[in-house]
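Just below is one structure, and these are the notes that go with it.
Chains here go by letter, A, B and C, matching the order in which they are written, and residues are numbered from 1 within each.
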Amino acid sequence: MSGVAVALPGARWTVGRLSPRAALTMGAMLVLLAFVWASTQGAYAIAPAQLWQVLLQAVGAAPSAEQAPEYLVFINIRLPRLLMGVAAGAGLGLAGALMQGLFRNPLADPGLIGVSSGAALAAALTIVLGSYWLPDLPRTLGSWALVGMAFGGGLLVTALIYALAQADGGTRMGLMLLAGVAVNALALAGLGYLNFISTDEQLRNLQMWLLGSLGGARWSAVALVGSIVAVACGLGLALARSLNAIALGEAQAALLGVPVERTKRLAVLVTALAVGAVTAATGIIGFIGLVAPHWVRLVAGPDHRVVLPGSALLGAALVLAADGVARTIVQPAELPLGVLTAFIGVPLFLAMLRQFRSKV
Amino acid sequence: MWHDGLNDAVRRQLLRGMAALPLLSAAGARRAAAASPARIVSLGGALTEVVYLLGAQGQLVGTDTTSLFPEAAQRTAKVGYMRQLSAEGLLSLKPDAVVGTTEAGPPVVLDQVRSAGVRVELVQADHTWDEVQRKVATVGRVAGREREARALQASLDAQWVAVQKVVAATTRRPRALFILSHSGSPMVAGTGTAADALIRFAGATNAITQFAGYRPLTAEAMASAAPEVLLNSTQGIEALGGEAAFWQRPELALTPAFRRKALVAMEASHLLGFGPRLPAAVRELHTRMQAITA
Amino acid sequence: MSAAASPLSTTADLLVCDQLGVGVPGRPLLATVHTQFVPGRVTAILGPNGAGKSTLLSMLSGQRTPRSGRVRLAGKPLPGWSALALARQRAVLPQETAVAFDFTVQEVVEMGRFPHRQHPSRHEARIVREALASTGVAHLAGRSVNTLSGGERARAHLARALAQIWEPLPGGAARWLLLDEPTAALDLAHQHQTMALVRRWAVEQGVGVVAVLHDLNLALRYAHGVVLLGQGRCEAGPTAQTLTPAAIARVWGVACTEVRASDGVPQFLVAGAAAPGLPSKFE
């Protein structure tokens, strides 16, 4: 069945739910609204009339001989940051939904497979030890080195956890969970050691990186992260029906003809790519991957054909909204985004725990 | 390196605009100074102090969180922690120039600020007297007050020479140890830190030579380091609840400093700021250490 | 055994156990099964607990690798089949299925159509609807499957298995339905409705049905043939000839008497332990 329609004509739903089309339309509208709202927010005051002028200049519909500062601020600073927010939220939301489908548990989170802690460890290595090995790196190349190392670190740790989870010719999700706990703890210990041997300056840099922020998003980074997240979404959405069947259990799914091992491999790879790219560029932004799929399921049901794209859309809207607050609430300074999402996410997580306590 | 323009047309526009900037800034700096003084954002307590000393506080539109002296600086707009700046936040103050040390960051944000036409000048921080001279010169240049800067420089140099003479005249070199914080094991300053430089300037020796940077020290290591005088910031002593509470820490009981309760506490930005108050700080530190270990 | 094949299938279309060693690795061999299942008939797998009934069924479905011997479907050994091709041809109903998340009954039945997603039927929605109706869970279509009673859940999963093989295959190959204790959670009426349903599928549509059953009388009423596991042996054959009081006494150690139900179908009344030394009724 290639269509997404789930409701039978005339069927009476005892479970109150939005239809897939309504849910995804609502999600797209939320992203649009959040984007428009966030584009008007910022420490640098840009009146709506000025914003309109900037947009006209950008598409070449107005004379742009004079580069107004508003134009530079919006095009070079605010717009790439907004787009990075969309990419980050979409990547984290999609990855969260994939992990929850794979682990068959609504409390799963992309951090389980070690991407975030691997990226953090690699970033710490770069910040603390990089200055010993490569002290004269020009500053811009140095910041790209940080992004590259963090991305590689995330992938490497995920590959390690994936390898540890192989048993009896297949990937055991229970093993992956335990391996993830162990490797995450090891990465944390490594991080602690690097904290210890770092200088004051390196320590501050590392702590700031860990808190997560969309600040410093530039067009090159947006293009890179955006294309990786787009590829991840394309690959991930194709797994929707397989993940539905996996909800019956891996054995049953295999009997239905689902390529279970390949699905697991692809889901882990897509998660590592998306979350690795986002974390490398923005540091650690938590709870989006946990909360977005949960809300989509509450509103539209657990069918992954809705949950996967819906989580990407809702994740993007959430990050845009949170970042809009983060960069205006203490202006001209800025709150790290990871702190804000944690403040919002932890109470929500606890509320979810209360709801699921009978099933955990 | 990547060029972060939106598309070809915009990039060409930006390049055209930016190519004009050097011409503008060189010729226009003097004109601008005379016409309208540059709006300055200062990142770092020492640099902010220099701004006030040069009489340029009217040009100061924003400072970072470490700029707390003089008291008026606390009432300027705060752009946040110097290592985690916000590009839009900085630009919203419409500065013409940003001065800071090389610790300011993240680098991408500073690049974005530069590409918006703001002059960004960073001073290398290496814990020497040169650092102070560089800070004075840079602020003078950026604020268009080179004359005042040269005068201030001369006065500070004279103070510095005088202090160094006083320090050289004393023969006793007490063993000193700077304690940063007291959570669990005390964090102490090894070599390469601002505190280490201060200790040496003030004619003492750092009891710790085995490592660089700030590290936690066990009680036994503290005993074998055998400092004769302990240094701390007044904020640090306050955080512990006063001098009496400070001396109750068990790891201090084994040190020579404990017997005479030899503690010198000075305000943090005065002691370690490496700004115009450095000669005065070194003099005070020297005097108090000599007195307390006599 | 080689019983007369149903007129709807060819003899090549068999599910064959070729010297199949039934057992779990690391434990003693439970039985060696050498028999074939014929489409268009219901075959019951019977035996006491631990005799290897579910193990045998999992080997028939391809879920478990045999300790020795092979299983062939339509002449091809199971490992030679792709998972998708197998899933289009045979549906498996396990004993228990815990479903993650709050999928509705209808969504669960739709999962049964997964093997056909590359070449969907023109009546996908109707298949799901009719499968729900056939096991009597149509009124529960919108309910979350985890909120149902055990019996309702079992019928929902049976509807899923039926939906999986709802339509005849191109080329006329036989379809197979493998059921692991399909009546365990059902009440009396639904036990008979379910067995009657699968027997109808076998007889009318030529589907081969293999069901692990606990209830001897259900087997007597609905199964054309039985495979009897127990005491390390395997006996297979038509129900009436294989499921005799002597065989029952040997395998289960209970004595039973044959009676006739009101519609003439033979049933057994069990009298308790037949082995000497055991009490004939509880003190």
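One rule holds in what follows: contacts are C-beta pairs under 8 Å (C-beta built on N, C-alpha and C of every residue); 3 or more make two chains touch, one makes a residue touch a chain.
Because the structure is predicted, anything quoted here is derived from the model rather than measured.
Where touching is counted per the definition, chain A and chain B have no chain in common. Averaging C-alpha coordinates per chain and comparing to chain B, the farthest chain turns out to be C.
Central chain (C-alpha centroid nearest the global protein C-alpha centroid): A.
Per-chain Cα centroids separate chain A from chain B by 38 Å.
Centres computed as Cα averages put chain B at a distance of 81 Å from chain C. Centroids of chain A and chain C (each the mean of its C-alpha atoms) stand 46 Å apart.
Taken in their complex, chain A has these residues touching chain C: 1-2, 6, 8, 11-15, 104-106, 241-242, 244-245, 247-249, 251-252, 254-259, 297, 301-303.
Chain contact summary for the complex, chain B toward chain A: residues 1-2, 4-6, 9-10, 13-14, 17, 62, 65, 77-81, 83-94, 103, 105-109, 111-112, 115-117, 192-193, 212-215. Considering their complex, residues 42-45, 58, 60, 64, 67, 69, 72-73, 75-78, 80, 139-143, 196, 198-201, 204-205, 208, 213, 215-216, 218-220, 327, 330-334, 336 of chain A touch chain B.
Taken in their complex, chain C has these residues touching chain A: 61-63, 82-88, 92, 94, 97-104, 106-108, 110-115, 117, 120, 124-125, 128-129, 141-144, 164.
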